[in-house]
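Paired with chain B in one complex and with chain C in the other, chain A is shared by the two complexes that follow.
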Partner chain A sequence: MAVRTTELVIIGAGPAGICAALEAASHGVKTTLVDRGEELGGQLIKQTHKFFGWHKKSAGTRGVLIAKKLAEEVLNNENITLLNSTEALGYYDDGTLLVETPRGIDRVLGDRLIVATGASERMLLFPGNDLPGVYGAGAVQTLMNVHGVRPGDSVLMIGSGNIGLIVSYQLLQAGVRVAAVVEAMPTIGGYAVHASKIRRLGVPIMTRHTIKEAYGKEQVEGAVIWELDENWNGIPGTEKDLEVDVVCLAIGLTPLAELLWQCGAEMAYIPELGGFVPLYDETMETTRKGVFVAGDVAGIEEASTAMAAGRMAGLSAARSLGKVSDLDYSRLRNEIAGELEGLRSGPASAKILSGIAKMRAMLQSVKEAAAVSEAEPANQPANQPADQPANRPAKQAASEPAKEGDLAEAGARDSEAQGNNGSKSEEAVGA
Partner chain B sequence: MSTLVTTGVPSAQDIAGVTPPEERRARGPYATIECFQPIPCDPCHHSCRFGAIQEFEDINDIPKMDWSKCTGCALCVAACPGLAIFVVDETYSETECLIAMPYEFVPLPEKGQPVKLTDRAGIVVADGIVQRVVAGRKPAGTPVVWVSAPKRLATVVRGFILRKEG
Partner chain C sequence: METGRSSCKTRIEDHPILDFPARKEVTFTWEGQELRGYEGEPIAAALHAAGIKVLHTSHKSKRPRGFFCAIGNCSSCLVVVNGVPNVRACTEKLREGMRVQRQEGTGPAPRSRE
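And then the complex of A and B:
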């Protein structure tokens, strides 16, 4: 078993992980970027549509081109070592990350860790959901946009969030018929411009509708949809039979947080953020000291915010290794925080902001509880993070002038806590 | 609740709000921005060389048009990531108007090609002819196709289908 030592390990080379790596490396941090895929860019490599956002950032550019540019920057950066086709298996108290490379199992020993593992797709229960031809939207995108393979001839799309709408558009571009987009909620989930774009191309978008069943002998040969009543029950008599050979599920994502569970970070169930997420402060540090997060694993959002949050995590990790001067740190931190705030200032971000506020409130109470149990050592629960050996002290940091105060604590003053705009529970979103 | 959020088709009221007054429509080509929701996006403003799409105070602002400055050049049509901008020229001829639409399909149509014109719900409403095709700027640009349509449908036609041969 080979052992690699590095200052910073980043798991996941999607938009968040890459931007974290580039930011950290720009401060001279020796960074190892681990990704299970062959290509760099995560979901970006499938995004053929143009991105929103700031003109001066990446707006108007297609995701696949952003991925290409980011990948080049990573490959040309001498501070970044890339371990692609490599799966992260577990992160242990001594700072060991166990990885499975194409050649076998290796140990990566890092002083800091950034988890940017992204999200996984949700599954929906309905008769026939195990038939070949029932896909997740991510799989459809991978087939079409990475491998150039059409998933079928005619598709029923379940879910009208941005992913459902965008993948419908990409299917049409590939010459595949989209029979309908069904949405269980009373309104379309994604941006209206995406919805209007496919509506103009003749795709009906049916709100308050869902799939009743998919049928077929060897594979999907058709699907039945029906209307939902106020209590989310199908209304008998409203069934429509659609001749499709693909049912594509785009009913939402949930953070891919197993590594964070495994390494002992405090987790909480926050529906607004997509499910179980780690508790993390404004520097993106979790309750497991030295372990940072960014991107969808910290709450389901989109690529622009993932890139900014990734930079924030990379900056924080570099700072905690003593690689960033106070002046540079506060300048960069304000810049990135401003960008995130701008991206989240619209009504479309109300949900995510209320989720973050909830998460920060939980983080605060965890920290207060930890402070109390520290004062009374006898009551200290066995699984308290303080019990675990802190991350290996950074070798480099030791030679740096001591930084007063704990950054993570300083960052915990939550400015977003007031931004709670009536969070609604949306657990019953069956698509 | 606007039909925009239940079907994807903007309401008549939505459209009225982004259509210039009659006297401006009679004066020459104009852009109409069918972007009704505040989303974080501003490339349209930056694409306009005439200051017709006003500067954004906030990235989430809905674009505001100054039609007195708009020349109908259609640069914004190619720039909009949401493919939500169209240019309409109601002075094209006695009976026809010209509509510029974003088109991200291959193959691109050719000048002179007959097409089926569709409305915002994708329903065929008339026949039209491709008058001009502007290929997208490499590598990310959106091609813009100018199609002639019956004048009475100037605010209705927002798409087209290539007619199948034979």
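And then the complex of A and C:
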């Protein structure tokens, strides 16, 4: 078993993890980037649509091209060591990350850790949901946009959020028929620009409809949809039988947070953020000191915010390693906070913002409870791992420019004060 | 844009945005039957292109299983490759001469590895 030491380990080389790595490396942090896949870029490698967001960032650029550019930057950065085709297995109290490389199991010892593991697709309950031919929207994208294979001849899309709408369009581009998009809610979930594109191509978007069942002997041969009443129950007599060989689920994502559970970070169920998420502060640090998060694992959003949050996590990790001067830190931090503010300024971000507010309130009460138990040392078990720095406590303490608690508080004030300065004048561009 | 039923061809050749460069063809077997696929693509992609969607049967009720997430998360697509069970068809790369079999439940015991 090889042992690799590094200043910062990042798990996940999607948009969040890559941007965290590039930011940290730009401050001279020796960074090890671990990813299960061979290719860098996470789910960007299958996203053929153009991004929304800010012109000066990646708006108007296709996901596949963003992935290519980010991958090049990582490969050309001498501070970043890439461990691809490598799965992270577990993170332990002494700061060991166990990884499985193609050659065997290694230990990676890092002073700091950023978890940017992303999300997994949600499942929907209906008879026949386990039949081959029922695929996640991400799987459909992977199969056709990365590997060039059509998922089938005719698709029923479940969900009219942006993913459902965009993947429907991508299916049409690949020459696959989309029989219908069904949406349980009374209104279309995604942007009108995406909905209009597929409607113009003749795809019906049926709101207040859902799948009743998928059927077939060994694989999907058809699906029945029906209308829902105001109590979300199917209305008998409204069934329609669709001749499809693929049922594509685009009903949302949930954070892939197993490593955070396993390493003892405080978690909470916050529906607005997609399920169980870690509690983390404005610097992206979890309740496990030295462990930061970024991207969908911290709450389901999209790639532009993941990139900005990744930079924030990378900056915070570099700062806590003593690599960033006060002046640079506050300038960069305000810049990134302003960018996140801008990206989240639209009406579609209201849910995310309320989820983050909920999460921060929970973090506050956890911190207060911890402060109380610290004031009563008798109740404090010796050597409580959650309060330990990620690794090598003595060295870390010596290199720390300021107490992290102080920083977090100062940061909270910073981001409040600068809330209205986030540039909202940048125009969002459509696909 | 053509939105009608595709001509049953599963490989995408013309795409308005993406190019799929020519890759090296390899031969492999599925349940003893010889098939062609591209070297380095996931086994599941090659099988799907050949019209094969059932890759696995569930442990208890023996229901058919195919791939679901396509990125190695869900373990719905486990197959037996060269006698080794529990290989994720959606992430394992296709190589010349691979012997791929449908995995029944938990698959053959490890001692039957070749």
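Here is the rule we go by: the second predicted complex is superposed on the first by the 380 of 431 C-alpha atoms of A that agree within 3 Å, B and C clash if a C-alpha of one lies under 4 Å from a C-alpha of the other, contacts with A are read in each partner's own complex, and residues count from 1 in each chain.
Quick note on the criterion: a contact is a pair of C-beta atoms (placed from the backbone, for glycine too) under 8 Å apart; a residue touches a chain by one contact, two chains touch by 3 or more.
Every value quoted in this text rests on a predicted model; they were computed, and no experiment measured them.
In the superposed model, A:Ala370 makes contact with neither chain B nor chain C.
Within the superposed three-chain model, A:Arg62 lies in touch with chain B and with chain C [touch as defined at top]. Contacts of A:Leu98 after superposition on the shared chain: neither chain B nor chain C is touched. Contact with neither chain B nor chain C is seen for A:Leu109 once the two complexes are overlaid on the shared chain.
Contact with neither chain B nor chain C is seen for A:Leu82 once the two complexes are overlaid on the shared chain.
Of the two partner chains placed by superposition, A:Leu242 touches none, neither chain B nor chain C. Of the two partner chains placed around the shared chain by superposition, chain B and chain C are both touched by A:Leu201. By the document's definition of touching, neither partner reaches A:Ala350: not chain B, not chain C. When the shared chain is aligned, chain B and chain C each come close enough to touch A:Gln173.
When both complexes are aligned on chain A by C-alpha atoms, chain A residues 62, 172-173, 201-203 touch chain B in the first and chain C in the second.
Listing the residues of chain A that touch chain B in their complex gives 49-55, 59-62, 65, 172-173, 186-188, 191-205, 207, 304, 342-343, 345-348.
The touching residues of chain C, when paired with chain A in their complex, are 1-6, 8-12, 15-18, 20, 41-42, 44-45, 48-49, 53-55, 58, 63-74, 90-91. By the touch rule above, chain A contacts chain C in their complex via residues 36-37, 43, 48, 62, 64, 120-121, 130-136, 138-140, 142-145, 147-151, 153-154, 172-178, 201-203, 218-219, 256. Looking at the complex, you find that chain B touches chain A at residues 1, 4-10, 34-43, 45-46, 58-60, 79, 81-84, 104-105, 118-123, 139-140, 142, 158-159.
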